[in-house]
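Letters A, B, C and D mark the chains in the order given here, with residues in each chain numbered from 1 onward.
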């Protein structure tokens, strides 16, 4: 067991996968010599060379599309979008091609590939370096979408993603990169895609979250326990698509109350799907309205620190929302 | 009053807006000499010339981005994406630029422009000429999203969209283009954006729908009334963003049961947001689970007619879902 | 190369290109076959048996000749919707093609899921094609990148129209291929129209080939009705690619003999005289008369080929029609890989 | 034009370009001003007053000279994040720029909503810039299209880096501008790096200017440290545009004197000798010595300019710092137009 932060866990996962399988390669802007703008690929270029750890031109469609071609050819590319905000030039490749290659070819072609994307706010990145745009991808049939919240999950899920026969969008919350260290099992431990994690068991309400919100929700749960005697169950979804509906519904069956939390905008955000599933399939268990706590409906995180603070969720806002729901 | 089909209503709306305001222009692939692949712009090129009705190169990012530039310059462009499925190359311009130009510039620049997109299946168009991809746009803050279901709404809402100070995504269901004729008020009748239409009042359940589903839901409601004595209230949302939450909630308050219907895929579809809003804000009125009826979670409408029939919603499927909910 | 590619080879001149008499006759026969399959698709469309057809008529010489140097089971094709003849060179049989157009359940391209014209088959190294134009070009580049990363000898060929050449992805693909001298051949089949939009409203500068030099590799324009000119360009491109010298862009100037598709009527936007003149640019009689002029194609041989091709397409259609329809129970499958799949 | 643009004008040679002595001195003074503002931003960043800086140092000559022919309140600028000097030519004051970097509530670019470097101001005909690189290029083309549709005399200039030149949108923009000969000037400020990725890993063929001919308009490479060479190219481009002859692509070869941004450390990927050598390519001393050599710039004048510029940036900073912070109550506003807004 090593104590790692999420950034280190991601780097080690890539290193081990590059080592394990000669078909694995990494490509993206500045991933080579510089080691990535966040350092996620540091050292890999020197170790595996400039072809397997490839600095691409500044062209996201090319990164996604060439990765798809390489996957057709038999490689297992890990493509990086420098920021999730900059994945839109690649949207056509991701949605038209990558998500549906297997379906449209009736299983003749599968695309084992990963697209890693740093996302999320709270890092003074303003409108275009802060987006939580997972909903575009969670609503795309044929993609898998993963968003880890701990170093162990980051490593284990990235390994699972690399080995998955289908394309996986891998969302890394920038604010969590160096937020904390935690134990990560050594070696080849894979965390399966599609399985949520009950990060904290509880009985009075369920908080559904992922990524950085896991950290915030756990803090909020501590406060609720300490100050209110409320035991919140924190469910870290980890995989957003395919969603672990079973774990979600089991938690609601237990607590009767569901708070869905994400940093992304509310209207049409991923939380809508979670809420809609609960509303439809756990109707009889609900002791209060399925409640969503989400980023405000503005087109991006504004830059000035006071505006950014206004935008961002945090433990205090979760506590407040939870109190409202518990009191219902 | 003239009897028009939706395609004619759309063409007349553009004609009248081009006539009314010299800043209005139409641009897109084949919109000029050919008059559009569906004929929506027929006659306009001859009438207004090749600059105001401009055949562009086969480049969707350019169509959206140049329309944005023209809107900055003071024009009111109506851009056409030949099929909604082909809007993805323009996704970066639509999401990064068009949706947030006003917000990011603190109101210095607004973008009065319309993007028209034929969408929807049932026309033997398979995976790439059948998509109902409205969720990508309804979850994008800063866009308005409209999806008319009648000729009068098509005309009136398109006029409203052209005159709106903000960008409007205008979804035209291909299957409705020539599906039926109905009365359309002559002249300059504008249908306001953001207002739903109670297409049929009822009391036993509410069916929320838009586009082609309005037609199907109304047929289903007839069947339910005739065969089951069930009075379904059919609410045509018409504008998906901003959603007319008030009308939605008022209907649920009346009927206690909500069936949300759309052709798009279920998981992460627009219906999730409608369902989540109802679940949260009408919790006390609900006599049954908010139910969604949607297209199956496959990456696109498959081609073979039997597969397409399997995919498509229709009145019979709506009747069946409604019966299930009413019986709850 | 540019000069050679632009000039009609004297007499037939195929031997100078390394082609035997048998080769050029085989090319011709394959043009006939592609045309026969294509024409049969229109008949079946008119008969209501297939819903849609998008045609390769007029493009056959360019397609067969540019794919001719490609090595079976080694090189790759990322085609476009007019690539009926290219797909045949890569191994798709007339029966495969009719089956796909009929959307039968065991169609190799998609099991009836995709529209006609969406070629693809893992078994023939043909990448599955979608509808948004140009996306396949990056796949070809990605395959070439994969081969380059692995140090393997593979050439990827991709084809697309001149309207499509303006899509942003094409730029990104060509630039990247240029940077790393990837083994890829870009074939632009320039038929002068993108549905209704003519070249001068579509392509700034009017030449697609001219763009290649902006990426640091050769671009050549060839007469796409002349299979030998196309072959010469493709042969050179393939040799360059396998020598590690990088990509080539071939712009083959062809004529779209039909409307854009069965949903289109080109008389609405094309000059009647221009439509009338199209017959003069049909690559099949053009090549036939050249082959006849040098004594390679006799009337008997021509008749024999036509009879064989007709029998082949008749047989193919019969067999294809007898194939099973897709099973609706499978419609939900293969969104993701399945256990044991 | 290409030859002229590539050749250093003999002596100073500004008169042959239609520039007066006062003009070239004004250009020089504006370079000093842009640099002073830029350096102040770094100081404020180190002092913790601003969160982030992305610098135009090394690009000033190219920016000031290419924007010099643009007509105030008539022509348009679609800038990029290094366009500090271009923004100044178009009318942004040092105070505007400092205010934006401090994210103050009345910052003209965004009211504190955008990161530093995201220039824009409706009042100066500067299009609001976002972060995804290259999107602004289509906006410039759209403005030019608008003017063309309306028959109005407007030129749009847009700038971007050589890494960005590979984005698909640039291709679509240039192609469309080429098709209709739109009045737009594309300025690529080629500093040899896209963050850490050097030109030879980035640009197939190594020349951005070479791409223009593929769109049917001229592309010229100029020494971006030489304001007169840049001006000559821009003057010609502007004249072409207003004469209806269409776009021009100017590739100005410059040197990025700083790291990519305050978040980057270029010593991690650039050769130390190369970093050391950058001083030799600073356009400000280079131009100063040429002005001095022909007797236009005296020591006194240089000192006077430097003093004025220093006073100006001091004053600007003081006033900018005193401006109000954004009001959090406004954070939700202007998602859409508001009644009476």
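The working rule: a contact is a pair of C-beta atoms (placed from the backbone, for glycine too) under 8 Å apart; a residue touches a chain by one contact, two chains touch by 3 or more.
If you're wondering where the values come from, they're calculated on a predicted model, not measured in any experiment.
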For this session: State the chain with the largest centre-to-centre distance from chain C, centres being mean CA positions.
Result: D
Seminar exercise, completed: Contact-pair count is greater, between B-C and B-D, for B-D
Exercise. Can you give the whole-Å distance between the Cα centres of chain A and chain C?
Worked result: 41
For this session: Find the geometric centre of each of chain C and chain D from their Cα atoms only, then give the gap between the two centres in Å, rounded to an integer.
Result: 45
For this session: Please work out the Cα centroid separation of chain B and chain C, and write it as a whole number of Å.
Result: 37
Seminar exercise, completed: Flagged in chain C as touching 2+ other chains are 110, 113-114, 118, 130, 132, 166-169, 172, 175-176, 179, 201-203, 335
Seminar exercise, completed: So chain A residues touching two or more other chains come to 56-57, 59, 61-62, 85, 88-89, 92, 96, 100, 103-104, 127-128, 141-142, 297-299
For this session: Enumerate the contact residues on chain C facing chain A in the complex.
Result: 76, 78, 107-111, 113-114, 118, 120-123, 127-128, 130, 132, 135, 137-150, 154, 156, 168-169, 172-173, 175-176, 179, 333-337, 341
Seminar exercise, completed: Per the touch rule, the chain B residues reaching chain A in their complex are 85, 88-89, 91-92, 95-96, 99-100, 103-104, 127-128, 135-136, 138-142, 241, 243, 265, 267-273, 275-276, 278-281, 283, 286, 288-292, 297-300
Exercise. Which part of chain B faces chain D closely enough to touch in the complex?
Worked result: 25, 51-52, 54, 56-57, 59, 61-62, 64-75, 89, 92-93, 96-97, 100-110, 141-142, 144, 165-166
Problem set entry | Complex contact set, residues of chain D against chain A | 51-52, 103, 105, 110, 112-115, 118, 130-133, 163-164, 166-169, 194-197, 201-203, 263-264, 268-269, 325-326, 328, 331-332, 335
Exercise. In the complex of these two chains, what residues of chain C are touching chain D?
Worked result: 166-172, 174-179, 200-207, 210-217
